[in-house]
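Read through the structures below before going on.
Here chain A shows up in two complexes: once beside chain B, once beside chain C.
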Partner chain A sequence: MSARHFRSMVLPVVLVVLWQAWAMTLPAKSAAPSPAHVVKEFGALVSSGALPSATVQSLGRVVLGFVLGAMLGITTGALMGAFRSVHRNLDPIIETFRPVAAIAILPMVILWCGTGLLAAVAIVGYAAFFPLVINTAHGVSHVDRRLVQAALTMGVKPSTILRTVLLPAALPSIFVGARLAMGIAWTAIIAAELAVGAKAGGPGGSGGLGEMMFVDYSYSVDLNGIVVCMIVVGIVSLLIDRGFRAAERRLLAWRL
Partner chain B sequence: MPAEQPPKLRLCGIGKRFGGNVVAVQSMDLEVIAGEFLCIVGPSGCGKSTVLNMIAGLDQPSDGSIEKDGVLIKGPGADRGVMFQDYALFPWRTVEANIGFGLRYGPRARQISAAERHARVGRLVDTVGLRGSEHKYPHQLSGGMRQRCALARLLANEPDVLLMDEPLAALDAQTRTILQGELLRIWGEVRPVEERRTAIFITHGIDEAVFLADRVVVMSSQPGRVTAIIDIGLPRPRAESVRTDPEFGRLTEEIWSLIRDQAYRAIA
Partner chain C sequence: MRRRRDVPSDPFSGPVDLIAMVPVASRSTQRNHAKQRLRRGIVIVAATAEGTRTTAGLPSRAWRGPYVLPRALVAVRSLLILLVIWQCASLWTGNPLLLPSPVGVVDALVDLLRSGELFDQASVSIARLMISLVVAMVLAIPLGLLMGLLPLVGEIIDPVIELLRPISGIAWIPLALFTFGIGGTLPIFIMSYAAFFPLLFNTIAGVRSVDARLVSAARSMGLRRSAIVLHVVLPASLPSVIVGLRLAIASGWTAIVAAELIGADSGVGFAIEWYRELLMSAKVLAFIVVIGLIGYSANLTITAVHRRLTPWAVTAELR
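Entry: the complex of A and B
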């Protein structure tokens, strides 16, 4: 571990120590979470297999929904960035829906798609769509016009220019959108799983980390379990973001 | 130049207005002969770049028409290659991939096999002296190397007409002098006239224009129009020593006297 990594760990460790010290002043029966209890609960949830399977379930939904949202968002954004008429027509619609949180469309999604994988993918895809469409459109519309002109004077067709000039030039913006979308995808899926878990009225509903959090809350009032889920979500998305950054460094090596 | 030869390009009463009444170019007539190296000089804002863009088909004239080989120019095409002042290299492509871009994604009819493409790109990398840098990205190159890369990309597509907009402006004096010689060699100075490409070259440098050109078009500004066309009778191939030729000095002075007043007015 490098010195830089070590320094970035100092504050989290200090906060955990303070949290444990505070928890030790509470009565033994207190429901408040403490680091020691969280670690114990983490061990129990891992050995029972509940935590790994919930994590895999949520992760799968996030990845599938993200892929769907990315395909729609990048395609739509590229067309909006390249053609002013497309932008003019779609922008008001997109900006109207953007402030509507993914969780707010959950009732409609459940009505149409049920509570299975399709619904989860729809929710996550909806959430991931907006950062990607906006950043792709911005990136494509700000590509240096000279580069497009250069391709035109080489006799390259406009449809080929979209693929070979506009999208590669907009890739840095698309990456920004993708990283934002991945974060929002997690908030959407946990919220959706919580809500579906609440609707199903107990274990055996839709599964996933969100449902696990709901069950811990409403059946056993086990706040330690909720904290375990929070930490897992945080760490998994941190790892995904690190993966995005590594891909960015590789794919955008052409930048300064 | 034989006068009876049909022109490669014919600009007929060209006018260009921007945003209402700003007249960039007014009633300009010009015939460009096949195989000639034509330089356009003039003060800033005389519409030189606008003329080049219209020949490239990137801009449409407001009045008049431009024909190439008797056919009206309606839009950009691979037959008229452009080398932009800022080079417009694709930053995410290596030197090799930039040079081969038009061959790979250009019109199907002109497309060649991958092996042929690599061979041609390889030859051009050698021609412009970029061997050893062919896998670098543009941001890793010096200004002079980027310029060579842009020149190689222009030549790779083997356009009928080469359009160059102040391509050497950003370079230091020594590099510029070296590349002027290289440019003439690549254009085909040592070959017979009928095997040369047609080149239109915009520059601020009067001595550069005299060194390179068969003819120099002098433009004036507000509105942009042709003031004079000067024949440069200096022998080819042109050696560095031509710059000390009395005729070279006389031509430079003649062209300078044509744009002097305007140039002073432009900076006043």
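Entry: the complex of A and C
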């Protein structure tokens, strides 16, 4: 182990040891989480299948909503990037809604779509839409004009140019948007599940990691379970980020 | 008032616009304009080498494309169309509970303004935003300076930051509910957490990107280390810190609304949830409008601060 590795391990290990030591000074009945209990709880939740199913449920919602948001966002963004008139007309509307966080429209979404899959997809789609539309529009409108002019010279129709020249050339920017969108979407779905769990009351409200956390908080008062969920939330968002970066490197190798 | 479209003088710069770039002969809008001009007796004489055309009677005015509305008017028109569609949709639904009309929302806004409730809830949330920004800055900027200046400190602390960062502020809500209970501390904690990371990363990046020649120059003039940090490193990394502040406000404002919605007894996030339970949709939408407005003006404020404090580093991306 190199000195560099050693230095990077020091603080996390010290913190976990301190946390465990602090937890051991507490009375045995205390609800406070400790590393040992968290590991035990993690094993129990995995072997009972509750944790994998909640994770898959949350992820499924995010993927569905993301696909919807990406279809809308990339189409709108491409049109906005390629045609200045579309940009001028749609930009004010998009900028009006952009500061309104997905979680803030949750109450209206619950009114319209209930608390089921539809609501989750709407929230995630809304959250994913904005980074995608903005990055796609930016990418498409900053494509080298000479590429477009070359295509025009060869007599390509504008609609074909959009599909075959502008969109591929804007892919790096679209990928950045997609990565941001997926990160925001993952946060939004956890928040939405938490809020629905908190307001619908009782287990079985919505399912997913967020609801699992809330049930652990308010019904079983199991802080170790909450910490397990937090760690899973972190691992999933790390994997999403790394996955998108790896895909970027592979698919956009020509960029470098 | 109508204005002419500005065509960039350099054909290789500026944003792509497929319509503007398609050859003139195949563009129906321009053909129509040309026909109108011909009918009015103005003769298009020649196409210059640059592709801009001059008209006979007005040699000084180059033909600069079709008339377009100024940006602000287009924005107003778009938003008006949106409002009309919304009004029609609410008439069609016929249920103010499901979709209140824009008029109803404005009514609700006026009501809330008059009763002072809007001001109360908004000021609570804004105060929380300010407090947590200060907390995050006090923690993140010195830590970022340390981590950026001393590689060893960076190497030791970085793993912990990288472990915590993927866990979003919102995921801390249940644990924070347990620790702090429902009330004002929880949103401040969540927001400080959410604002901490962008501030820290941008401070580190800012410190590391300070021009080494500036530091060497200061050192050769005999400045002490503390003076170099205070007078060279800090100002030079300020633009990056302000960008971090901007990101921090964006992610923090989202987090604060979520935190208030779940675990507070005041603030705009609490208000939308409260009125949803009372099924007063117009007031829910009114508060959503307020949330958007506060988020928007926070962003405007930080952009103004950016222009004011670090005018040399304002990029085109920052509007």
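Throughout what follows, the second predicted complex is superposed on the first by the 234 of 256 C-alpha atoms of A that agree within 3 Å, B and C clash if a C-alpha of one lies under 4 Å from a C-alpha of the other, contacts with A are read in each partner's own complex, and residues count from 1 in each chain.
We take it that a residue touches a chain if its C-beta (ideal position, glycine included) is under 8 Å from a C-beta of that chain, and two chains touch if they have at least 3 such contacts.
Model, not experiment: these values are computed from the prediction.
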- prompt: When the two structures are overlaid on chain A, which partner does A:Ala120 contact: first (chain B), second (chain C), both, or neither?
  reply: neither
Query: What is the contact status of A:Ile190 with respect to chain B (first) and chain C (second): first, second, both, or neither?
result: second
Task: Answer with first, second, both or neither: which of chain B and chain C does A:Val62 touch in the superposed model?
output: neither
- request: Examine A:Leu152 and indicate which partner it touches, taking first as chain B and second as chain C; both and neither are also allowed.
  value: both
- request: Report for A:Ala128: first if it touches chain B alone, second if chain C alone, otherwise both or neither.
  value: neither
Field: chain B or chain C, by number of chain A residues touched
entry: C
Task: In the overlay, answer first, second, both or neither for which of chain B and chain C A:Tyr217 touches.
output: second
- prompt: Just which bits of chain A does chain B share with chain C as contact spots?
  reply: 144, 146, 149, 152
- prompt: Given the complex with chain A, which residues does chain C contribute to the contact?
  reply: 11-23, 68, 71, 74-79, 82, 97-98, 152, 155-160, 163-164, 166-168, 170-175, 177-178, 253-254, 257-258, 261-263, 269, 272-273, 275-277, 281, 284-285, 288, 291-296, 299
- request: Write out the stretch or stretches of chain B touching chain A in their complex.
  value: 56-58, 75-82, 84, 86, 88, 90-93, 101-102, 105-107, 110, 137-139, 157, 163
Query: Considering the complex alone, what residue numbers of chain A touch chain C?
result: 4, 7-12, 15, 31, 81-85, 88-93, 96-97, 99-108, 110-112, 140-146, 148-149, 152, 158, 161-162, 166, 186-187, 190-191, 194-195, 198-199, 213-214, 216-217, 223, 226-227, 229-231, 233-235, 237-238, 241
Statement: The residues of chain A that touch chain B in their complex are 144, 146-147, 149-156, 160, 164-165, 168-169, 171, 252-256
